[in-house]
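What follows is chain A paired twice: with chain B in the first complex and chain C in the second.
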Partner chain A sequence: MLLVSLFVASFVIFGAMYLAPGNPIAALSGGRSLPPQSVHILELRYHLNAPFLEQYWLWLKNVLHGNLGVSIILQENVSTLIASRIWTTAGLVLYASIIILVVGIGLGVLSGLRHGALDTSTLVVTAVSAAIPSFVAAIVLILLFAVKLGWFPALGNGTSFLSNVHHFTLPAFALAVSSLAIVARVTRASVREEAAREHVQTAVSRGIPTRQVVWRHVIRNAAIPVTTISGITIASLIAIAAVVEVAFSLNGLGAYLVASAESKDLAVVQGISLVLVTAFVVVNVLVDILYAVLDPRVSLGGRAQ
Partner chain B sequence: MIRNGRVAGLTAVAAALVLIATACGRSVTNTTPNPGASSAVANLVTTSPAGTKPVSSIVWAVYRDVNSLDPIKAFDYPENTADSLMCESLLRQAPNGSIGPGLATLATPNPTTLVFTLKSGVTFWDGDPVTPADVVYSLERNTDAKLGGFYPQVFNRVRSIEATGSNQVTITLKEPDYWLAGELASIPGMVVQKSVAQQQGQDYGTPTSKIMCTGAYMLKSFKPGVGVTAVANPHYWNPAVKPLVQSILIKGVPNINTFTSGLLTGAIQGAYEFGLPTLDQLEHSSAVKVYDGPGWSSDAFIVDNLKGPLGDVRVRQALSMALDRQGIIDSVYKGAALMPRWQSNPGTFGYGTSVFNAAYNSSPLMSQNLTKAKQLMKEAGATGRTITIGMSQDLANIAAVAGAYQAAGQAIGLNVKLKSVSADNYIDFFIDPKARVGVDGFMTVNYGDYADPASLLSTFVLPGGSQNYDNFNDPRVTSLLETARSTADPNKRAALVSQAEKISAQELPWIPNVQPTNLLLMSSNLSGAVSSFAYMFAPWADALGGTGSS
Partner chain C sequence: MSVAAAVPEEATRRRSVWSLLTSTGPVGMAAAAVIAVATFVAVFGSLLAPYDPDLSNLSLSWVAPTGGHLLGFDGQGRDLLSRLLAGARTSMLGPLGVVVICMVAGTLLAVTAAWRRGAVDAAISSGLDIMFAFPGILLAVLAATVFGAGLLAAAVALAIAYTPYVARVLRGAALKERSQQYVAALEVQGVSATSICMRHLVPNMMPLIVAQSTILFGYAMVDLAAISFLGLGVQPPAPDWGVMISENQSGIVQGYPLSALLPGLCIVLVVVAFNVLGERLFEQAQAARQ
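Let's turn to the complex of A and B:
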């Protein structure tokens, strides 16, 4: 399954990059004219004039030997370049996921169980923040917490674990904000729905302690739609991270993917895409496993009926 | 030159003066031409005051990540900034553009012989002395086809480069070439250690490779995505220079909002810029100090097709006269640019300065004159004809200038069609003849390798020039420039180049838009960086340090 996804994705992306106009050599010169002999040498070295299928085959053969190729722009192994950046993206997505799960589900459960001011304000706030794209959130957060208040740095990664956390806080919130709102709203709705069910009402009327009813009957059942939406939003963070990484000048894979696509650095685009597709598939598998844990009726490996 | 997402900006002389003196107010009235008056860039500063206090580490922003540290592949702002910080050339361009000794002194016993004598005690970072063999090898790397460097044409009048003594290198020329010294005071003249470069081969300058230069700053690390870290060289060969900043990280910051908030919050401590859309905001911040220095680049409209309406010089003149340059200076460059008189930026007058200044000041300002423009259109019979301008809506400065051309055309009865391509493909106008088909011209910000108006001009007026897209050929200009290249006396050379500039300002092979000044932005507690465009080609941080008493 994973291998098929990777093969299809790599072919489609390679094809799209091949067809898109532009020239990797141009990125080296910043737009001034290079002498023709220098251009010729670069074209030969990177097979830039070879036909599409030949270029793809050369790339695929290398990948099957565990070699992701060499960046035209940096003349460095793609695997090295990816390795140096992968932890930034992983850390950012993980941090944002924790925020989404803790704050989003927390808010959703609270406002689902309690009517009143908290519920109303959660509804209003999440309705607004669900509509805020990450790049807008990034601008606002930088302006407020970095430029005006000076609590957090405006850009960069940091050097130790604690300074990483400090540097990643604004980017993680920028990345999390709209997904967080969606998760909170879905959680609230499904908690409401479960709480209104007959067996919950019965349990309450039989005098079973509220805490027990909430945990065993409401939250456990509400967890299935919440898992679905959390899985989808977290998987999508992997792709959206690019926007936030650019806005905060983080050296993550997403920002690098954007820069490489702009400069038509094919091997890098392919390499990062493979990593992102793999991550996406892995997150989805984890969500499937979680279903089985939450709902005994779901069996792993079962076919859709 | 294109820089994605970064818009370009400029200042009139008067505006620049006001700006430096008071950091506010922006009455952009041009001083009236005053023949024989002082330099057009007299009000700009070439360096910021020397730093006085040690600083442990700073972040210096460039518009994208550095791609290579091999000088022969440095052709754009980020690579030039990193190489000129750490590596030194045979000769050196001072902040005012004049050329003097660098690692070596130059003697010219006859017009076709250049003798370079290495200064005594010149060493690489590791303490090894720089030998003539290192110099010969470094220069020859430029023309080695296997290495694919970007500057082979610089050496096209060179017959041989030889070590002729224990500290001497002799270049023999096929014919006199007084432009070569300028190039050897620039990127093509940078000296690297032969043994290290030979060992790395094509990989010299890549992130994992080792490099070896001579500068006051030496490479500590080159990490893709993080940046290039240079640290002070404790054994620098020139005892007069004592770097005060221990560590400089050159970091790519492509996003203009991130760049601006980085400077405002101190996450970025310095940068060179032009055409900065957030210039006003930065100038008004107490955290940032802005210096306006002489620029060597020109913002221009490249005419690439002389077979269409622009083939008639009167149409080119009319279009130029109809252009609202002041509007471009105000809106695109936020004041940080000069109104042009020539193709080249007056910041490039690195030699024969008084000759250049007198000739420049006696040339007319390219100010708007719609009446004359309409009359020229009528004479040319071009009213109602159409030209197409290549541009990109994604590149804000290019789009704004192209829009100004559209307005200019409309005012004089010339239809201007815009052909917009994506930001990534804008580059194709420069390198792909197919992209230029059906396009009469496109916008650029372009510069030569050293402070000489001829350095940029020759690329687009000489037959076969690397940027002569329209095969422009004016025998007068060609002859003046070829003669200048072979003329030893700097003042005579300046006079010849001035004449070529004056003719080109009439003939308009390109149409100059504005002449950007060079912006140096630093944290207000830093000072000492070079503020002219010389930073692109020679060390710029040797005097950089903290402000205040130590």
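Let's turn to the complex of A and C:
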């Protein structure tokens, strides 16, 4: 199913150049007027004189060999341009995912197990922060922690691993904020639901230590919906990272995607879109594998209901 | 159960808009009030604006609130309050467009799948599954590259990306409704499929459709504002909350945060209202179906 999704996505990404007003040459050149020999190069590169499906097939074969085309603006291989930026995006998404999993699930479990002030305040805070778009979170974080307190840099990448972590902290939190709130709310609800089950109350009444009851009976059973929502939100970060990268002037794939969309550099947009969609699908596959590990009843290959 | 008795039974499940709203409690009512105010401003905002939202006077850039200008000026010396009021229009109209397209397409797909079942259902369902692989923002960026940046391309792209989510939830509801006795009763009476769907199935799914639309509006608002923030949606100098944040982001570092923070606050406020109301309506819709 996921392979089919990927196939269809690649078809849409390729077909996009035919949807553009005018001919594919106009789409590929972003409406610039080109000298005849450049047009000829484009025609050869995309096999524009061949039938449409053959063009797509030849393009797909190139893509699978790692040849994503050439940027019309920088005249460089798209693969090279992507490779130099991919680690910024991957690092940012990974950092944000860790924050979401640790803080979101931790907060959800705590507020699910305890009633009272902590629970109520978590509910209110997460209801509001779930609605904070990443770019609004970005400007608030820059204002508080970069301008007022000066703890973190406001813009740009770092130069070493540690300085990268330092530079990525605010962007990662900006990226994580709304997903974190959603994960916390779902975790809280499913912990609450599991804790009220009869088998948990039986375990408690039999004098099994709370710690063990919580880990073995509550958290393990609550893990399935939590995995689902974490998977969905983390996969969605891959696309939203673009917004955060622009807000913090990070030199990542997303920011480059947006810049290329503005300058109508179609080959780059196609290449980056493909990489992001692939990453999106891979995260979903990983989540499916995780289901089978968490819940022996789930068999791989079967469709989740 | 007799055929005649089955039909009026479904009518009792329908409720007026007002009773649906009051059932969401004081928090839901407050959220509805925020949405009402935002809608009012979106319609009449440019008339309410005390100054021309596009009139720029660079000598006034970043000037703090003064007598006649309640919120001061933005980075290009334009009246901030006027821009916020006028900006509500595109900020609300975009998500509205997304929701309308999505709901019409989602309901059509869901009802068709549930009514025809079998191969048609299988085809629609797997088609929707495949579309899941395309994140909304990515599709919007692709659309902006091909068709040029603008609100329309972004809204249509988002609607296409959201439709599978909507259709999947509605399909479940439509299937359940399809299996109700009153549908069989109407079929026996010889009422046409289109008429059963339009007059009975869809109206009975309305609470869920309304709840979905409300939640979706919040998501669409965030994503469209993000796309405008990136420069691929509403084009400056048109006032739009997303555009205003990106225009005035430099003020954050220079010590004039107001012009970027206030549009952000507007977005968060409206989105919280839609989320809260949507959640309540969703709970209501679920409870009514039990």
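The rule we apply is simple: the second predicted complex is superposed on the first by the 244 of 305 C-alpha atoms of A that agree within 3 Å, B and C clash if a C-alpha of one lies under 4 Å from a C-alpha of the other, contacts with A are read in each partner's own complex, and residues count from 1 in each chain.
One rule holds for everything that comes next: contacts are C-beta pairs under 8 Å (C-beta built on N, C-alpha and C of every residue); 3 or more make two chains touch, one makes a residue touch a chain.
Quick caveat, the model's predicted, so the values are computed rather than measured.
After overlaying the two complexes on the shared chain, residue contacts for A:273 are found with chain C alone; chain B is out of touch. Once chain A of one complex is fitted onto chain A of the other, the partner contacts of A:41 are limited to chain B, with no touch recorded for chain C.
By the touch criterion defined above, A:154 lies against chain B and chain C together after alignment on the C-alpha atoms of chain A. Of the two partner chains, chain B and chain C are each touched by A:247.
In the superposed model, A:239 lies in contact with chain C only, and not with chain B.
In the superposition on chain A, contact is made by A:85 with chain B only, not with chain C.
Looking at the shared chain after the overlay, A:177 reaches neither chain B nor chain C.
Touched by chain B in one complex and by chain C in the other are residues 21, 27, 139, 142-143, 146-147, 154, 246-247, 262, 264 of chain A.
Those residues of chain A that touch chain B in the shared complex are 21-23, 25-35, 37-39, 41-42, 45, 73-76, 80-81, 84-85, 88, 139, 142-143, 146-147, 150, 153-157, 246-249, 251-252, 255-256, 259, 262-264.
For chain B in complex with chain A, the residues that touch the partner chain are 1-4, 59, 64-65, 67-68, 73, 75-77, 145-146, 148-153, 202-203, 206-208, 223-226, 251-255, 257-258, 261-262, 264-265, 267-268, 421-428, 430-432, 444, 446, 459, 466-467. Every residue of chain A that touches chain C in the complex is listed here, in rising order: 1-2, 4-6, 8-9, 12-13, 16-17, 19-21, 27, 127-128, 130-136, 139-140, 142-143, 146-147, 154, 178, 235-236, 238-240, 242-243, 246-247, 257-258, 260-262, 264-266, 269, 273, 276-277, 280-281, 284. On the chain C side of its complex with chain A, the touching residues are 126, 129-138, 141-142, 144-147, 149, 218, 222, 225-226, 229-232, 242, 245-246, 249, 252-253, 255, 257, 260-261, 264, 267-268, 271-272, 275-276.
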